[in-house]
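This is the structure I have questions about; it appears just below.
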């Protein structure tokens, strides 16, 4: 065991942090969208939850943390992204000839990641300068031109989260060869549910205003 | 009368200054039980003697004839033309150094990566010719052989988006090789040793979970599962001293492999 | 010209070559291995069945010992083998297997308790001993008294080759793959290495070494229907033959395997029959018990192959567009057994034949499989004729196989002879110094260069036409059953072919890798090997093991208990044949094999030395 390169421990922990931050963010997205989705049931329920989170300062504290976490996750994961010359070209050509769904999905991950990174600033900024959070304020924003933003942002978040969870499970051996098809199917179903919920919520908010 | 097959074959001889990379078309009448081994040899013997490709055992055991067949890496010798459309496009495997046309230098690549990951059994014991062999559970021997079945054809590497973009990535084949030694009780290496060898972005952490390797492996080796087992083990090793031992242990267990040392 | 120098040069990096390399590298000598393919792709990897060694751990191998293994080997060889070598082999085999286990081979192990095994297609129960749990298990192979074939599922060659190659990686042995040896460097007394062609660039390279090992495998590709890989073209034997001073031994001893598949000629392992597979004819009738009541499908390979041919000649073959064949039936072994223990067989059947062996019959016919003959070496591995030249494995005629080798004995031979010859090679090298001659090096290089220049000028047939013609002659004239008339015609045709080689033409000429050039450089040598085989077969007027003469059906121990040595003098169009005693002394005097039938012309044993198995000569 001689002449061995001693690995750079700090760099090598990045993979763990990428996974951990990804898992945390995924958890957050799931909860956030569910709470958001309560508007489908009743606007006052959503308002009540919002009030509770603000009164306990959970929202004010977690928002910047989440933004930092997104930046952190992006910063670490970006070492895998095809930034170097021609890498993207090689990958796109490869995924096109190979016809492998998981390879294509990774491109989706890359593009949604960039959209989310930009989107999350606008989303948090507009919400945070307009406290307290309430359904009517959201409706105002929607009708004042923010609808197209959310129509793009929401699917990106749902896709990135769903594919991310699936990939995380596969990379760390929770999803195995035997269970892969099941995982894939279930992830698509959950993503579809979240999308439906999200769009229902948006419609509800739109008409609230 | 069989179908008339049209082969579009990548041609380039890097050592010939007059040669430019291009696709060349050949046509051939299909015969019964025709494999790409038969077809390519017929083309070389009767149409173009300069066509370069590699075959050895022609029985899917030696791994010489990996190439990209209609966009997907596979072994040419066990690909039957009857399973393919009339138009067949053949490219050399990417990632590996091109020697000429469909022939690539997998030998050097595997040799280098084998040295890098120290692909051999590590033990401080010495062989005693007079002693009975050490006992081993047959179930375990079978499991080791299951991972030892890799023929180093390079198809998983060629199918890997990471390997294409990052030339130093060791690929699923090498991680599987490490998994083989990891479950072998004769190998005395600890998780720390494996972490030192493959715990970086050129090793297990380079894998982006694209899983094309698992889908494409001509030997159906459970690459996905091995990648998962090794990544979890090495990853948890990477945060030794950072995470409380209790959490670390808990994260390590329960991957269902049941073969942790 | 690039020149490399080392203590040991291994031409060929299959099991035998790598095992010798391991031994030399462990002793601290510098080693360079040459291989036409990356070493893990060597044809050794395709050997599925296993390695015979009298470990006696399994219940069906209970009571086994090297002496029984020795007896099986000598009977299998039809008394053509060197009994001294066969004894060394049988005694070393168990150690070699345990050593491979130590190095990492995942041998299948004994699982105690009752198991269902098959013999002749019929299931029976046997209880593996509890005290042997976890020791190396063994399966049945043809021609053996005990079950003694160690195996790893059905990828034995693959698993052992990978283990050895990993060991070489660890030892830092230099590996030059895609390199084809073309000529030995020698001065008529001493071998100093070889001239090789770099297949990546086409340039010639000189390798100088104190000890040169030929371990390039067999020469099955002189036949059209062969289970051998495309690289098994006898490259090593050709370089030895071309020296004019190194003889090839028993080249007429060519084994045909009973179960080559149709039409791809890919081998399915003897393990199929060992595990209980049966042979059926056109009426799906099991015919082997009629010919061989006791051993049936598990008689030695030469016998089964001959019986199959005989049965097909009687009109019981299955007609197909690729010629007649018979059926191999393993359906009764069940899906689980076929998909685990015989998995490669399953893969081959489904991928290459489109046959599902769980429900369908596999088309098989006898196919050229193994070359018992090769570079004649003594028991220490030294080649006859040149100092510093060694050979091992299938490329060599160490001569433990005689005229027929047993299944599982060749794969075992690779690591056993590799171990034995490796040690002897190390002994040879200790304190040995030599002189490298620039003259000999240049002469050898010039000779290869001349052949290349000649090819570029040629205007006759191309190498593929000539090779195909040779393969067809061998199939037609020097097959399973041989006779004087056919052999004579075959020899004449081959001679004519050799003449045509002088004007061989290249279709394409390009720098860098050039597969046509590699083949073209090989073809004249292959025809010489074919001539050694055919001419040796013509002159041997008896039937022994795999050599079956219709016009001389008896085994003639009176005149032919000898080994053929074929030399090729420069400029000759036929080999010069000499003969030597098959064995220096006997442990097992010539007798009946117990299978195969046939008459024996008794030799005179009065002046022969006969010793006990444990006795020194």
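Letters A, B and C name the chains as they come in the text, with residue numbers starting at 1 for each one.
Simple rule for what comes next: contacts are C-beta pairs under 8 Å (C-beta built on N, C-alpha and C of every residue); 3 or more make two chains touch, one makes a residue touch a chain.
Small disclaimer: the values here were computed from a predicted structure and weren't measured.
S.K.: Line, ring, star, complete or other: which describes how these chains touch one another?
M.R.: Topology of the interface graph: linear, an open chain of contacts.
S.K.: Among all other chains, pick the one whose mean CA position is farthest from the mean CA position of chain B.
M.R.: Farthest chain from chain B, going by C-alpha centroids: A.
S.K.: Please list the single chain whose C-alpha centre lies closest to the global protein C-alpha centre.
M.R.: That would be chain B.
S.K.: Cα centroid separation between chain A and chain B, in whole Å?
M.R.: Their C-alpha centroids are separated by 33 Å.
S.K.: Roughly how many whole angstrom separate the Cα centroids of chain A and chain C?
M.R.: Each chain reduced to its C-alpha mean, chain A and chain C end up 62 Å apart.
S.K.: Averaging over Cα atoms per chain, report the distance between chain B and chain C in Å.
M.R.: 29
S.K.: Could you tell me which residues belong to chain C and also touch two or more other chains?
M.R.: none
S.K.: Mind pulling the chain B residues that touch 2 or more other chains?
M.R.: In chain B, the residues touching two or more other chains are 118.
S.K.: Okay, in this complex, where on chain B does chain A touch?
M.R.: Result: residues 68, 71-72, 94, 118, 122, 159, 161-162, 164-165, 193, 195-197, 199-201, 204-205, 207-212, 214-216, 222, 224-225, 227-229, 231-232, 235-236, 238-239, 242, 255-257 of chain B touch chain A.
S.K.: In their shared complex, at which residues does chain C touch chain B?
M.R.: Going by the criterion above, the answer is residues 37-43, 45-46, 95, 97-99, 101-104, 106-111, 133-137, 152-153, 155, 158-159, 162-163, 166-167, 169-170, 175, 177-178, 200-202, 229-231, 263-264, 266-267, 321, 340, 344, 347-348, 351-354, 462, 464, 506-508, 510-516.
S.K.: What part of chain A is in contact with chain B in the complex they form?
M.R.: It is residues 1, 4, 6-9, 11-16, 19, 79-80, 82, 84, 87, 90-91, 94-95, 97-100, 102-103, 106, 167-168, 170-177, 180 of chain A that touch chain B.
S.K.: Using the touch rule from the top, collect the residues of chain B that touch chain C in their complex.
M.R.: 13-16, 32-33, 35, 44-45, 48-64, 78, 80, 99-100, 103, 105-108, 110-111, 114-115, 118-121, 125, 127, 129, 131-138, 141-142, 144-145, 148-149, 151-152, 184, 186-187
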